[in-house]
């Protein structure tokens, strides 16, 4: 199922005018604070009725200004994780979680126990929201949306209030959701790690406009987008197949440019994965380096060099069939004489490609 | 001024029993969701009255259960950034920001224009909180606390709702505050990057107890704390002096183990800085590598090796007078025969030591 | 304590029309104003007991005047029976058939499942007199279950006038003015205690005109007005 | 209790309870609906409705009673329609006393509930609708539980008012011992005769005791609800 | 207007306005204080205070008026004390009418304000105190502005009630034209005599018009306040 969004709306001084497609999978909305992400999600949810435009989910037209179509919020079958929780204060955590079941026919959907366990809120079920910590509230809000059996998930900074470990528990679940169902997910986050990991589609927003949108790995590996994304977020994806689980806990994968060693990846042999590699985690060398602690060294060819205003440079490389980005200093780029066509080696610390950046090939 | 906290309290099933010292500078409270961080801050603020214990700020006893001392909240002179904003809905943004001036004598303190400019809320001053975006609200809340001329700053995940660029604008300001004033800051964050950058003191919490507390760079560079911190957060600090601003935008610093090149650091020549280097950003080599894009290569000696349960290993190194941590695979540790006393080279990508990890020597 | 302007009379609310007229005549004659506060006799009596600055009290019930007299709140010797009234049976509509109460008309049957409305039969004077009258005519026991009581005569009148109840017992002075009802019988004089509006000068009164106005109430000019409104002047029958 | 009260007084007490209870219970849903509409909807004639609701507060009770008589009396437009259609009679019945009490108490009830509704964060209602709750269900599962303290406050105000209502009641349905003689009518009637004060005081005490009991109960319920919301 | 009203009626209108205005204005601060205490404080005798506040709602107005007469009358304990000490006389003055109206309206006012206070999030008040506001300042700068719609609702209820109050007033301060005869008392007088209906109706219309005007005004102010809070 695919979500198609195109609308314009004004609040006071702020005008919103967006159009993008969100296919099945996770579509990340990325942009500065105040750029209009929450407003877009609210329009899709039906909490804002835009002045003009059209929003369609699969075959269903949710909104069409011209044809005066407007599906009421409660018939849109949403799961919305609000930026500010919005738990029902008069209901227990359990009742909050199962709220949607009072209305929707009981479909198989997500198992209550599974969601509750994953979110680590088993101990809170009989409490009321008022006494919960910030992160606990947020987890309940996530659970409530997931358990609504939605046709469309809207998640507005769902993990912002959570610690890394908790995130590491929830992210794989969202990935599984992305892999197993065909419901589109609109996902807002300021964490590039999350976005890079989850997003199949990326929509970059600025001042109420869509600046760039497209397949996440294309947007992320295009050096032109580095300014928009922020340098720490730039990166690209390698595609690789799991070949061995080695006994010291590493997993060996085969990319088109050569073997890769990652800390244990929980995937069956033969699985094809997409591995996000941040530009700043790549070191380049003109000669194959020896005796390094970094295990992953891939031969590559420079395809583009983009010098920034600062001391940095972004180098795009072709490694086998994949594109990589490397962020190095301008000084090194000159010293190593890196120019399009130059052959070199990309050094990836295996541990830098952490668990959280491994995802099923999107 | 220093804050000394020791108290015990219960809510329902949850019991809190903590004791720590927060000297001038930033004391980060770090721990999982629900571990009691907000509760600690609330007790210091006087919003919770603990059952037992004592809380003292400088010479002032804020709370002493035995001596029945209790300074009312409004006399504590706080700046509290709440986890959930809590802006006054009936006041404009400007009135929210200047609220504390109605009560406190007008002392020099922070300049309104400066704070507003840094937070990028100039355009919002006449608006009311209801229409603000999540991040805008949070920025106003930060401004409100900063402008209160507090003797104690309490910040509960102040930057969670903000994008990286905005964070990058606010963090240096907080660092300056840390450097220029002697007010203690209690800072809750789930982002290790923030904590590592800002914290002078670190308090690790778990289930209502303090697991570990001490100087941030010691806690962070102790391999024993890796499990508690999460591997991605482990790291150590190099101390270095700014020697040259080079013309290609790099700054050259001198550490005891050798020169370091960082992207432009905005510090005067001769300034002594503390540079946080995450364990996972360090590559080791037994021989000095040549022709790498990484500019920073420091000779070091292995002082400790800690093998984890997984495929990873944490190596503690002495580089000159400083300790470093490196996270590599167990396989590499064996291949390179890294054992205490072994000499090696630590390779740091200059760009990996990004702006946000450079701080004034704490 | 003397009041700033003129004379203050406390009078039963049912006297409003007449007394307003008489006060107006008095003003025309003497140039002096009389202020009249109309309320229930019980309220007025209690207020006088609590030191109200009234000069003259005109009650709709002998009981409340007795009450003040025994509390020594009225000027000795000033009490007088000012007015009388007649009790009548009224029916809804302009042309209702007369009822001959003395001949033993079966009021209960006439009522059918309708109500006989009266003022409160244990407390409001018109109701008390009505109950006495019905009892002495031997009708009370048969109609008691059909009696609906109101807090004042006007409310009873309204119920009959609007057709909500077929019959009611009110003062002749009230029945006169309402076009929606017709008087179908008068109660014989002897069937109930005499209906008397006693008046007196309040003990604390210092107004020089109190005596004059009080006398004026018994003047022939006032008598005309009282009669025209359906009251029976009882001048000169004072008992104090 | 029955010992020191005459049967008529005793029946006035029970009747007052019955009248006040039904007046409150039956007007409550209407009160909630009207309050909701006034708080959350915009429509033509809204201010007229608002004024109408407040009318019994502004008018002297006698006038209200008289207007009720003209409207709901047997000959009144609505009264005769109700009698012909549903056999529902108000005139001279306790039902009429309940109607009068309900009408008199209505503005108080509506105001309290309306204030409570206005205090509910619409964002919670939005959240409910995203989870599939239709406007009706949103009201039942979110709005109503959250305004419960206000509804209780409104109901208790109405009940207390109904216990004390006198002017409109006696004007509309008069005072028929055992049928429409409520406590206030009985009290009034004692106050009309010299020396009736003691008996009036006795009834006043009963009325006060009942109303205070109801008040305490409502406080207690309201508090329990508030505590539940504020977290176990 | 003065043309088609007799001077007495005209003075009843102005007196009613004066009485209702002062009754509302002077009881408002007390009402806010009592509501605050009832909503936010725990103390011994709280339920007694609560009951006392509601008493005028429960008691038939005549009883309230009588009790006022006994307490604040010239011979009453409080009344004679106030007269001797401050030269303040309520008995049979318009001030007494204002007192009666204020007392009768008080429960309505307190309930409305109390509901509003209970709806204020204590977290905002906490935030204010962390910024240096003492409890008094917290109230003035945060609580009060947030409960403004409730205060307005309470005041308008009180004003409307005061415009319609009759039983207690006439019992306490009698019905002296030009001094204590308010609109409702004047209406009452006309309703007590044959042929007075038309004049009564005229006065009723004036009373209704004034109260509705006040109501509209309060709606409008309340809405403006709410809109300000909901974001410009």
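The first chain written gets the first letter, and so on, giving A, B, C, D and E; residue counts start at 1 in each chain.
Methods note: a residue touches a chain if its C-beta (ideal position, glycine included) is under 8 Å from a C-beta of that chain, and two chains touch if they have at least 3 such contacts.
Heads up on the chains, UniProt names are A, B = Molybdenum ABC transporter ATP-binding protein; D, E = Molybdenum transport system permease.
Owing to the predicted nature of the structure, the values given are computational and were not obtained by experimental measurement.
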Chain B omitted: connectivity of the other chains: one piece
Most widely separated chain from chain E, with each centre as the mean of CA atoms: A
Inter-chain centre distance, chain A versus chain C - centres from mean C-alpha coordinates, in Å: 90
Intercentroid distance (Cα basis), chain E paired with chain A, Å: 60
Whole-Å separation of chain centres (CA-atom averages), chain C against chain D: 35
Whole-Å separation of chain centres (CA-atom averages), chain D against chain E: 20
Multi-partner residues of chain E (each touching 2 or more other chains): 62, 66, 188, 191, 232
Touching two or more other chains - residues of chain A: 12, 84, 127, 131
Junction residues of chain C, two or more chains touched: none
Pairwise chain contacts under the document criterion: A-B, A-D, B-E, C-D, C-E, D-E
Chain D-facing residues of chain E, complex: 47, 50-51, 54-55, 57-63, 66, 107-108, 111-112, 114-116, 118-119, 149-150, 153, 157, 160-161, 163-164, 166-167, 184, 187-188, 191, 200, 204, 207-208, 211-212, 215-216, 219, 226
Interface residues, chain A side, partner chain D - complex: 45-47, 72-80, 82, 84, 86, 88-91, 99-100, 102-104, 126-132, 144, 148, 154
In the complex with chain B, residue positions of chain A that touch it: 11-13, 31-34, 38, 83-84, 123, 127, 131, 133-136, 138-139, 156-157, 160-166, 190, 192, 230, 232-233, 248-250, 261, 263-264, 280-281, 283-287, 289-295, 310-312, 326-333, 336, 338, 347, 349-352, 354
Chain D to chain C touching residues, read off their complex: 62, 65-66, 69-70, 73-75, 91-92, 166-167, 170-171, 173-176, 180-181, 185, 188-196
In the complex, chain D residues that touch chain A: 123-124, 126-135, 137-138, 141-142, 145-146, 228-232
